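Each of the next two complexes has chain A plus one other chain: chain B in the first, chain C in the second.
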Partner chain A sequence: MIGFIVKRFINYAILSAIATLSAYLLASTILNPAGRYLGRNPRPSDETINSILTGLGVNPHTPVIERLWTWVVNLVTHGSLGDTIHNTTVVSEMTARAGTSLRLLILGTIIAAIVGVAIGVWGAVRQYKFSDQAISYASFTILATPSFVLGILLMILATLLNNVLGVQLINFTGEYTAGLDGGWWVQFWDRAAHLLLPTISLALMGAAGYSRYQRSAMLDVLSADYIRTARSKGRTRGSALVRHGVRVALIPMSTYFAYSFATVLAGAAVTELVFSWHGMGEMLVNAITQSDINAFTGAVLFNAVLILIAGTLSDVVYAALDPRVRV
Partner chain B sequence: MNSQSNHLLEVRDLSVTFPQPGGSVTAVRGVNYHVDKGEFLGIVGESGSGKSVSSLAVMGLLPSSAQISGDILFEGRSLLGRSDRELSKLRGEGISIIFQDPLSALTPVYTIGAQIAEALQLHDRALSKLAANARAVELLKIVGIPNPERRAQSFPHEFSGGMRQRAMIAIAIANNPRLIIADEPTTALDVTIQAQILEVLQKAKDLTGAAVVLITHDLGVVAGNADRIAVMYAGRIVETGTVDQVFHAPTMPYTIGLLRSMPNLATAGHTRLVPLEGRPPQLSNLAPGCPFAPRCPVAIDACRTTEPPLTSIDGNPLNASACLRVEEISGGALNRAALYPVPAPIALEERAEVAPKTVLAVDQLVRHFPLTKGSVFKHSIGKVRAVDGVSFDIKSGQTLGLVGESGCGKSTTIMEILELAKPQSGQVTVNGRDVSTMSAKERRTLRQDIQVVFQDPMASLDPRLPIQDIIAEPLTVHAVPARERSRRVRDVMELVGLDPSMASRYPHEFSGGQRQRIGIARALVTDPKIVVLDEPVSALDVSIQAGVINLLEDLQEKLGLSYLFVAHDLAVVRQIADNVAVMYLGRIVESGPSSEIFDHPQHPYTRALLSAVPVPDPTLERSRQRIILQGELPSPTEDIAGCNFRTRCPLYQLMDQDGQEQCRTLDPARRQVQGSSVACHHSEHIDLMTLATSQP
Partner chain C sequence: MSMLDEIPVADPAAGNPEVIQSPKPVSRFRLVLSRLRSTPRFWVGIIGLGTIVLWAIFGLAPNAWNASDLDTFNMGSSPTALHWFGTSDIGEDIYAQTIVGLRKSLIIGLLVGPLAAIIAGVVGAVAGYVGGWWDKAIVWVIDLLLVLPSLFLFILLSPIFKSLSWVALIFLLAGFGWMIMARVIRAQTKSLRERDFIKAARFMGVDTWTIIRRHVLPNVSSLLIIDATLGVGGAILSETTLSFFGFGIQAPDVSLGTLLASGQSAAATRPWLFVFPAAILVFTVLSASLVGDALRDAVDPTSGVNRE
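After this line comes the complex of A and B, so read on.
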């Protein structure tokens, strides 16, 4: 079993490496890092631009394979991902931002999974009744709404609430209130209040998707013979559904978890922008708009590693849930 | 209504209706029965007769949309209208149930032991986990699972079907219930495993003193086990009585017809089967009158207007029949045996002349599948010996019955033959020509001569083609012009007893029996010499089977066909086959003329197989000695030195040292013993088995 997980992990790791290298090649061929300097007034001389670009390792006059090679060698020998155009190292930029993103992502994903599974099961058990229909329509509406619209809608609601209450209960700009004085407790509450809306926005998106899948997985299980067997032993319907039904219906969900994590990542980038969080998502979007090849590759690497972890985790969870795949 | 009841279970005027958008379906229409303490009641009926629905109603396990009326009393207390919580206290503790399909009845993610322990702990909160697990192991031992301590840790997917059904019985008897309902507990299993499970069920009944309600479609299964029988038809009980009353003196024409239409292992082959024409009514729009009237040979006008109530016979309250003419039948004014006309055999002048020559010969056919491991570097770790040296031949106009349990290689054998390709090893000769030497063109021509009818008439017909296209399809392959095609389709439909005017209809408009006729028509349209029949009647209801078997027999006579008839139902094989070959683990262990094999089986496996088949005759069934084979069919990946039946062979146990040594080391070759060819070293001592089983 351990061997199997290790094998899967290596598979994912190779895939992540390929994704990152492809991202580097793609960015190098499409982005034009020189453009940023050409528009400056006064325009720097070609030599200056050239030397800046060479310093960053993104000079288009160097063959792309050579640049990739240098990048890989630097990564392997120095653990360096190169410099951003703001003269900081990509690694330091990432360490500053990763925590912010992870807090949002981990919380959002966990809440999304729990809420999604719960309302999916609830909907399946009450199939075609009003509560099921309401959940279905709500999930489809959320799935069809772009994440920035969802973020802005939540902001509007929070503002309305704040106005009604007359206090700034929910803060939604940035990660924390700058220059706030107070002890650890005050800081914690401040951060939690800032975390609220982006987490809700992310969790809603995830839960809407999860609940659809969980509902159909649960519907398959509902009519299964072993539910009837469990009831014939003396379980009530509800208890049989939870102990024997949900347990089996969770198995296919662990696979979906890995795939959906990628969607959550993409959603998180937009959510960070909307709520002015300085996370990895913002770094990715900025890197593209500023033609920053190194920062872009770094951000892709971060995402690839997260998906690698999510994929391995879902394999572990699958094996834990389903004895039939254990070898 | 007086709701006092002295019976353990009493069902009074039970009706169950399922509301549906297209009109509600009443699956159970006023059923009355009772079970006393320790009694064994058999409920017999075809699919759709309401037998399972009525038992689920007793358990309170019907979907919430079902409308239930009447009353169900268990130990004098009404079960209807009770909450799920109240009923759940009774389920498993007072009444327990064993379901049909053991493969899906256990939760795949919990161990067998945990699922048994769960049943114990649900009804005894004080029971510790450790004690529950210990008791679970004990229960597994009772139901005959070897190595119970270790097997309790196994998951359901690691158990075979028979073992899972044993585990289900262990769950059912865990809390010493007063009533066990067994809903078709052996239908999904092989005969030898069925015999084992019925034995375990009987043991469980003796051990717990529980009453048993056994629901089945197989009259043979109840004949040897039950005390009383209730026969259901179209949602009602139409006849009830003791086993002897119902089997020996049935009074409802349906029961009489059902008994006559079943091929019976003891009598099959000597007489033609008497088919029960027509099919069970649709419960969604039932015509007034007796629901059996359209199929009844002695129906009178009154039958079509009033539905007869269940009336007792000779004042005996336990023996009753729902027929208006019950007195005439029980009094002898209507002769039971002559109630259904025996179909006449094919007239001599219609019979085809057949020259006795071998049309299909299979010699040492081998098909091994490699078992591989590894996703990148595949390497072989063994092989599945699906077919391991099979030889037989079929003469023109004759039928060879190929029998064996599931997994013995029957299907692989016929697939290898039908492929008409060079086999891995061995030789297939059709019409005297070795198929491996043929060109592709010759092979295509030859396919006209060898056709196949598959098991499941629903799944093997394309639902989107009208039946004329389905039947004509083999002709399009052989480029027959359209006009000729439609003429041939008409001819062949008439031949199999289908109205040619239905040619443009789709498969779903036909009943199961008609669909199988479509399958036969499709096989016959190319005018073949050989027809391979792969379990052609096993998916059909008992009352439909007889008609299809008779049709096959008639077609053989008329057209001079040769059949390779593959089946697991030995009674059906005895009815139709001239010669029989018994397969075990990829080999033929015994073959010979049908009468020899069935009357004087020389191989211990054949003998065990035959003794495991239940016969629908209670007197005979009670006097029969059953040879219960130990364990399950070994995996064909296993390498068994010597005789591969040795691991389960009852005769092997009885042999002396030298004899056993021979079985362990020497693979028995087939040799002629009496009238059949047998692969056993000790066929001469086969009578030891009879002696051994008659000693208690």
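After this line comes the complex of A and C, so read on.
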């Protein structure tokens, strides 16, 4: 089992490394970091621009392979990801933002997985009954809603709720209230209140997708002989469903989880932008609009590491659920 | 290098689990059609999609305003008999704008879905049939694109595509929408490769391209049709998300995404600017995905989690 997981981990690690390097190459060829300075008035001299770009390690006059090599060497020897165009290090920018994104991602993914699996199992057990139909159509509708529409609709609802109640019950702009005084506890509640809507948004999207897959995986399992055997042995229906049904149906889900995580990341980036959170998603989009190659690569590396972790975790779950892997 | 285990695909050509009591053998096409007819989801989807398409074509006719007209006497009005969906703060008729935006989004969706399915079919069939280094390279690219969220690549490539017309966006979306289906097609082709009729063709000296075109692709066509249908909704979602953040359709052109972007700031105070286009968008994508889902169930009733 350890061997299996190590093998998969190495596989993901290579893939993440290649993804990051390709992102660097792609960004270097497409983005034009000099454009930011050319548009200034008065226009800085060519030497100034050149020295700034060389200092950042993004000068287009240096061959791209050489720049990539310097970047890799810096990463390996100093653990540095270079500087952003605002002369801060990418690493410090990332540490400032990563917590914001991770809070949203971890909570959203966990809630999505639990709710999605529960609803999916429920729908499969009650196949074609009213509750199943209602769940199916609801998840199709959520899957048909772009994440930015879902976020804004939640904001409209929250505004209506606040108006009806006459108090600002749900806050949704930004990550915390600026200039809020109070102790640790007040700050904590403020952040938790801001977290509410983005998390619901992300969790709804995820749960809708997972529940569809869990439902069909569960339906495949329900007709299997071993469920009938478990029942005829004298197990209760609930126990047979959980011990023999859900457990087996979760095996393909663990693979799907790794598959879908890239989509979750993209959805989280959109959610961050909609709710004006200063997270990694915003950093990535800003980096592209400002032609900041180092910041872009840093953000891609962050995503790649998350995919690496999610992929390995889903393999651990896979191995834990499926005894055949452990042999 | 493969990120996931090969996805086992049920063989659609193999026996049908339903017993058909009829003197003549029923053709596969008729069987799928009869299964589709008995799926309520299919009818909901196809009627919804048909309504949307007809509405996009003829919807402007009963309306007194065009998308570019400015009604300076009714700026920022809520929905009235004069302006069915209200007006924006410079007096644009939201109903007319929604229809023009819907047309663009529909065209993009209806072209990208099939285009991506064709790419998926060709790439998957080549990888599965030719094998060897071609296969390795293609799987590697597919895995890479699955790890890099395609939304980020779209945004990265947007400076190039902004300068071109909106038609370029179709190719961009299709160019990144084929990966998952290509893996499925590849797995399917690998099993087809060992079947007698393909072996026979190979031993008779038929060249690779002809085998792929005449024998492999027709045998995976049902998967491709499903993918093309499901891809329509996905493409509309990608397009609107890109346009919403200003990376997709650019200013003089209107799509549902740009419309939603301009309505976003007033979403809480003047909800008609946002809610109507958003509802149309969700309805369109929902109809397309219901058709795709019903199609998938009809082509392979045993299909489970291993799809998509």
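Keep in mind that, in the parts below, the second predicted complex is superposed on the first by the 327 of 327 C-alpha atoms of A that agree within 3 Å, B and C clash if a C-alpha of one lies under 4 Å from a C-alpha of the other, contacts with A are read in each partner's own complex, and residues count from 1 in each chain.
One rule holds for everything that comes next: contacts are C-beta pairs under 8 Å (C-beta built on N, C-alpha and C of every residue); 3 or more make two chains touch, one makes a residue touch a chain.
Small disclaimer: the values here were computed from a predicted structure and weren't measured.
When the two complexes are overlaid on their common chain A, residue A:270 makes contact with chain C while staying clear of chain B. Which of chain B and chain C touches more residues of chain A is settled by the count: it is C. By the document's definition of touching, of the two partners only chain B reaches A:228; chain C does not. When both complexes are overlaid on chain A, the residue A:19 reaches chain C alone and has no touch with chain B.
In the superposed model, A:169 lies in contact with neither chain B nor chain C.
In the superposition on chain A, A:258 contacts chain C only, with no contact to chain B. Residue contacts after overlaying the shared chain place A:321 against chain B, while chain C stays out of touching range. For chain A in complex with chain B, the touching residues are 224-226, 228-237, 244, 247-248, 251, 321-324.
Interface residues of chain B facing chain A in the complex, by the touch rule stated above, are 59, 61, 84-85, 88-93, 96-97, 99, 101, 104-111, 118-119, 122-123, 155, 157, 168, 171, 174-175.
Those residues of chain C that touch chain A in the complex are listed here as 1-5, 143-144, 146-153, 155-160, 233, 237, 240-241, 244-245, 260, 264, 267-268, 271, 274-275, 278, 281-283, 285-286, 289-290, 293, 302-306. Contact residues on chain A toward chain C in their complex (touch as defined above): 11-12, 14-16, 18-19, 22-23, 26-27, 30-32, 140-141, 143-149, 152-153, 155-156, 159, 213, 216-217, 219-220, 252-253, 255-256, 258-259, 262-263, 265-266, 269-270, 273, 284-285, 288, 296, 300, 303-304, 307, 311.
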